[in-house]
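Structures follow.
Each of the next two complexes has chain A plus one more chain, namely chain B in the first and chain C in the second.
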Partner chain A sequence: MAARQSILGRAGIVLALVVFVFAATGPIVWLLLSSVLQQQALTSIPPDLSPSSFTLANYLEVFSSAAQLGRAIINSLIVATFTTALAIILGAPAAYALARLEIKHAGTILLMVLAAQMFPAIVIAIPLFITASKLGLIDTKLLLILVYLSFNLPIVIWVLRGFFMGLPLGLERAARVDGASPLQTFLRIVLPISLPSLFAAAIFAFIEAWNEFFFALIMTRQTAQTVPLAISAFAGQYQTMFGQMMAAAAISVAPIILLTILLRNTILRGFADGMLKG
Partner chain B sequence: MNRLPFIDRRSLIKTAASGAAAALVLPSLSRPSWADETALSVFSPLPPDPAPPGAAKFSEEAFAAWQKANSAKVTYDMVAWPQLHDKMATAFASGEHVWDVVYMSGWVPELAKFLVPFAKNLPKELIDDLPKSSFSTVTWDGQSSGVVFTLSLLTLFYNTELLQKAGFTAPPKTWDELKNVAKECTRDGNYGWVLNYGDPAGIGGTASYWMCFLQQAGGKLYNEDGSPAFNSDAGILALQMMMDLMPYSDPGSISYVGINDATNVMTAGKAAMMMNWPFMWKSANDPASSKIVGKLAGALLPAGPAGSASIDGTDAWTITKTSKNPELATKLIEFYLDKDVQKRQAIDTGWLPIRLSVLSDPDVQKALPNAAVVLEQANHPYDSYVTPDYNEVTVALGTEINKALAGKSSAKDAIAEAANLVAAIVKKRG
Partner chain C sequence: MPSIELIDINKSYGAVHVCKGINLTIADREFVTLLGSSGCGKTTTLNMIAGLDDPTSGDILMDGRRVNDLEPVGRDVAMVFQNYALYPHMTVAGNMGFNLRLRNFSPAEIHERVGAAASALDLSHVLDRYPSQLSGGQQQRVAIGRAIVRHPKVFLFDEPFSNLDAALRNRMRAEVKELHLRLGVTSIFVTHDQEEALSISDRVAIMRNGSVEQFGTPEDVYADPETVEVARFIGTPQVEILECVIDRSNGSNTVLRCGSASLPITARQAVALGTRTEKVLVTIRPEYVTIGGQGTSATIRDVQPTGPSTLVKLGWEGSAIMARLNGIVRLTVGETAHFSIDPMQLMLFDNESGRRIKTKS
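Our next item is the complex of A and B:
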């Protein structure tokens, strides 16, 4: 009886995992599949998946008119990398200070950091556009970096603060006993053991910056366009080039997927630490 | 534990130097926002939506020659059509100079205060060659701030093969015939009708389709004083007609957001009829994207009690008030409307010309057999009823219409509720 229950339990777990894997990978599989299907096959009802419908023409089309996508990928890489680096460089000390130092009104500061996140994008779009325009920053990567930093920094601070609070105090006390200042303790003791969380926060900031659409649309023209804008170009009012759009999307998500696969263990460990101990 | 090294002055200086270096590098990522050498900047949708020469592939040599002759350098800022309105509304609201020439689609009344009423300055020969009614959607408060560059009216498109299979040799000419043909064509997994009712707003949204039926029923949207006039027999009849088509419509119609969703059903050979814009002709006859090549035909929208009627896509060029070169911008728009450019626009891109002389050009009619149908449709009413609050009005109207089409309310109740909502919006106009 117990053995039967155990088999049933295992079967249930396996089934749930299979469903989860399908749900998680389904969109990616469909993305890749539709990127190698002809437009006519994709718009057929149901989609025509016969061998003759498969083609690499979508990728060839995207590559042949790749000036825009190529530039957009480079722009996105620069913007996302700088945003991430700055968010970590500025966010980690702030998070540590809020977690460990005796700061007056630390709770209020934390809430204000979070509140900055709560303004709908449309509310700040026009004032931001005017300021950026006066500074001559419209259609520049620097502007996107600054804008993305403004909404990535609070998240990084919150995630890392949670992690820092969970660190054993003994380590830091030992460093102090050895004469280390708070800054030295942070740089020499805390940061090295916080790498998983730093990676997790960095990946999160990178993905956010890579995928952002609204401000990229409003604040850029042709020079600083990023990947989401380049992909949206395949959807018009009267016609959407689904295959080419999916091919462009497949190309553009590749760096993110690669990065996530390479750092998956670090990311998981970092997020678990940051979230649970906060 | 070893003694931790202190951060000394030297390391602090090193850190500061690194920061300064980064500060020097970062500005190199930026560049001046609008290049000074740009004489004219044009905001346009990306092709294959209607785009000008140099942006779309037509009249490129003529465009280069025009720039040379006018010592002008034209740069295009293009985004996908669905993003046009938000981007331009933000830029206009900022008060900053962004573009000289801007594409509009029914947004002229909403954005008129940012535009130059330049249409009166166009040459008489050009104005005389444009349909008079084409100015109605780009005119607000008596000022014409735009000029339409493609005749884009909704007409009926039908699949000749599906109609023949159902025993019809000609397209429906009246509402009753339309219902009958739709009913008979709904068989073997195919549907008689398809359209996109998922997005209530804007031209090409649910409310705008109902406006065709409203005019066909002899109704109008507003009274002379601007108050809603559609809570009438004609308004209810128009919605009832749309509801009567629902049993024979592709079930996705209620949720399709864009016309491209509905077009895909049609080009997949799964629907017999739809109303669509002229551009459909070219894409439906492209073997790469269509299964109905050679099977598509066009006709006037079936007549209701008051006859046939349509709405205007209102694809227009405008000039911004912040433009430093409005005269040159006017010249550029005149170039876009040049007869030869208009002809190439039609033949090379599928977007019909707006000039009547080019519409009746044999080469254009040969390349685009639907041109004659659209021209004939233009002889019937095609008011799109655009106002500064058009988006708000169409959201209110379209949402109620969608509810009725989904069977959640009667035509009478939906129109009455929509009239209340629109009356409240109109009141705010002052």
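Our next item is the complex of A and C:
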């Protein structure tokens, strides 16, 4: 009886995992599939999956009009990398200070950090646009980095603060007895043992910056255009080039998927640490 | 000059009063143990001495100087933590040398000091390993090594052996004691294990509920406990506490009636009891109880052979007592035995306060 129950239980778990895997990979498979299908095959119902309707034409088209997408990818790489680096460099010390040091009004500071990103984007978009254009920052990567930092930094601070608070106190006490200042303790003890969690937070910030559409749409024109905008450009005024759009999208998610696969052990460890100890 | 003085130390976490007026004076080069059951405030007290925690009130003096506002490094204390707290991303050498590197010692000096500590602690062959590649005993020794390379003024140990098995614990005890004899550094050692405390210390401070119940040599706290709690806490096996009424009905010959048994007391004890009429708490160390011949009759409740001696629990209506007999003694549980005590060795305590009723000598 117990054995049968556990078999049923396992079947349930396996079923749930199968459903989850389909839900998670479905869109990506669909994305890849539609990027290699001809437009008619894709839009017919049901889609025509016969070998003759497969093509690499979409990718060739995208690459031949590549100037646009190429620049967008470089822009996105620069913006996402700098956003991520700054979010971690500024966020990690702030998170540690808020987690461990006796800081006056720490609660208020934390609430303000959180409040900064609670406003709906649409509410701050217009004043932000006006300010940015007065400063001459419209259509610059610097502006995008600053804007993305404003919502990535709070998340990084909150996530890492939770992680740091969950670290057992022993090592930091030992470092203090050894004569380390709070900064030395942070740099030489806490950071090295927190690398997996820092990686996880960094990946998160990178993806946020890489995928952001709304502010990029408002704050850029040509020079600082990012990948999501370049992809949307394939939705033309008269006709949407689905296949090319999908090919461009596939190219743009590739770095993130690659990054995630390469660093999956580190990321999993980071998230598990954050959850177990947080 | 005393090395360390705690003067009226109180510590509260919010509404929780953890340390209640602790006073301790620790001599230079002394090895002192804070002994008490879990949660009585030992770690909190040690952390305040280390400078990791601030007392809510009271002064901490080292070499006569108030150090309340000094960081641990300013107090020149080294500490060994209960779960070692080794830096997982540094090698053994890195762990031991970290505090020297922070103080900008030359690499040659660091190498020499770490090497010396490692060879004293039998760690020379694992200097390049990481903590996760060491056995529990080796990790423990690295933690001690990290403390001794500094040549500090005070060693603090917080239950350093509680994660080791019994054999290793005994060996580490001997090593720490030997280390103390060799280096002569004032040491404060926290443990909940009374045998460990008695075997290692010059003096033991027995803590209970955030207060120091008694502070004395191992011999003193065993043979001359000031409270019934100390008598109960120190010594293996734990003594039984008898509740007895004072019976003066037989003229000058006062006796204690403990349940159905009656125990003789000495004239001095009778004087110390004075005119009190309420119950008293009574106990006696098992080695002063003998079985055989005449004496009070009781039932054998339990027999525990320990090798060099045999422990026997004797019971009667309303009470029990432990006896320690030399060598192996074959007795049967449930049978009747007669025991007698050495009245000189009876320890009497006030029923209300638990304080010792002392005989004047």
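In the analysis below, the second predicted complex is superposed on the first by the 269 of 278 C-alpha atoms of A that agree within 3 Å, B and C clash if a C-alpha of one lies under 4 Å from a C-alpha of the other, contacts with A are read in each partner's own complex, and residues count from 1 in each chain.
What we mean here is this: contacts are C-beta pairs under 8 Å (C-beta built on N, C-alpha and C of every residue); 3 or more make two chains touch, one makes a residue touch a chain.
From a predicted model like this one, the values you see are computed outputs, not experimental measurements.
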Which of chain B and chain C A:Pro51 touches, first, second, both or neither: neither
Which of chain B and chain C A:Ala180 touches, first, second, both or neither: both
Touching partner for A:Pro27 - first (chain B), second (chain C), both, neither: neither
Chain C versus chain B, contacts on chain A by residue: B
Touching partner for A:Pro120 - first (chain B), second (chain C), both, neither: neither
Which superposed partner A:Gln39 touches (first chain B, second chain C, both, neither): first
Overlap of the chain B and chain C footprints on chain A, listed as residue numbers: 174-175, 178-180, 184, 188-189
Residue ranges of chain A in contact with chain B within the complex: 38-40, 43-45, 78, 82, 125-126, 129-130, 132-134, 136-143, 145, 174-175, 178-181, 183-185, 187-189, 217-218, 221-223, 229, 232-240
For the chain C and chain A complex, residues of the former touching the latter: 47, 50, 52, 71-73, 77-79, 81, 83, 85-89, 98-99, 102-103, 146
Residue ranges of chain B in contact with chain A within the complex: 1-7, 26-27, 29-34, 45-46, 48-49, 75-83, 86-87, 90-91, 93-96, 98, 204, 258-260, 263-265, 267-268, 270, 277, 279-280, 283, 287-291
Residues of chain A touching chain C in the complex: 170-171, 173-180, 184, 188-189, 192-193
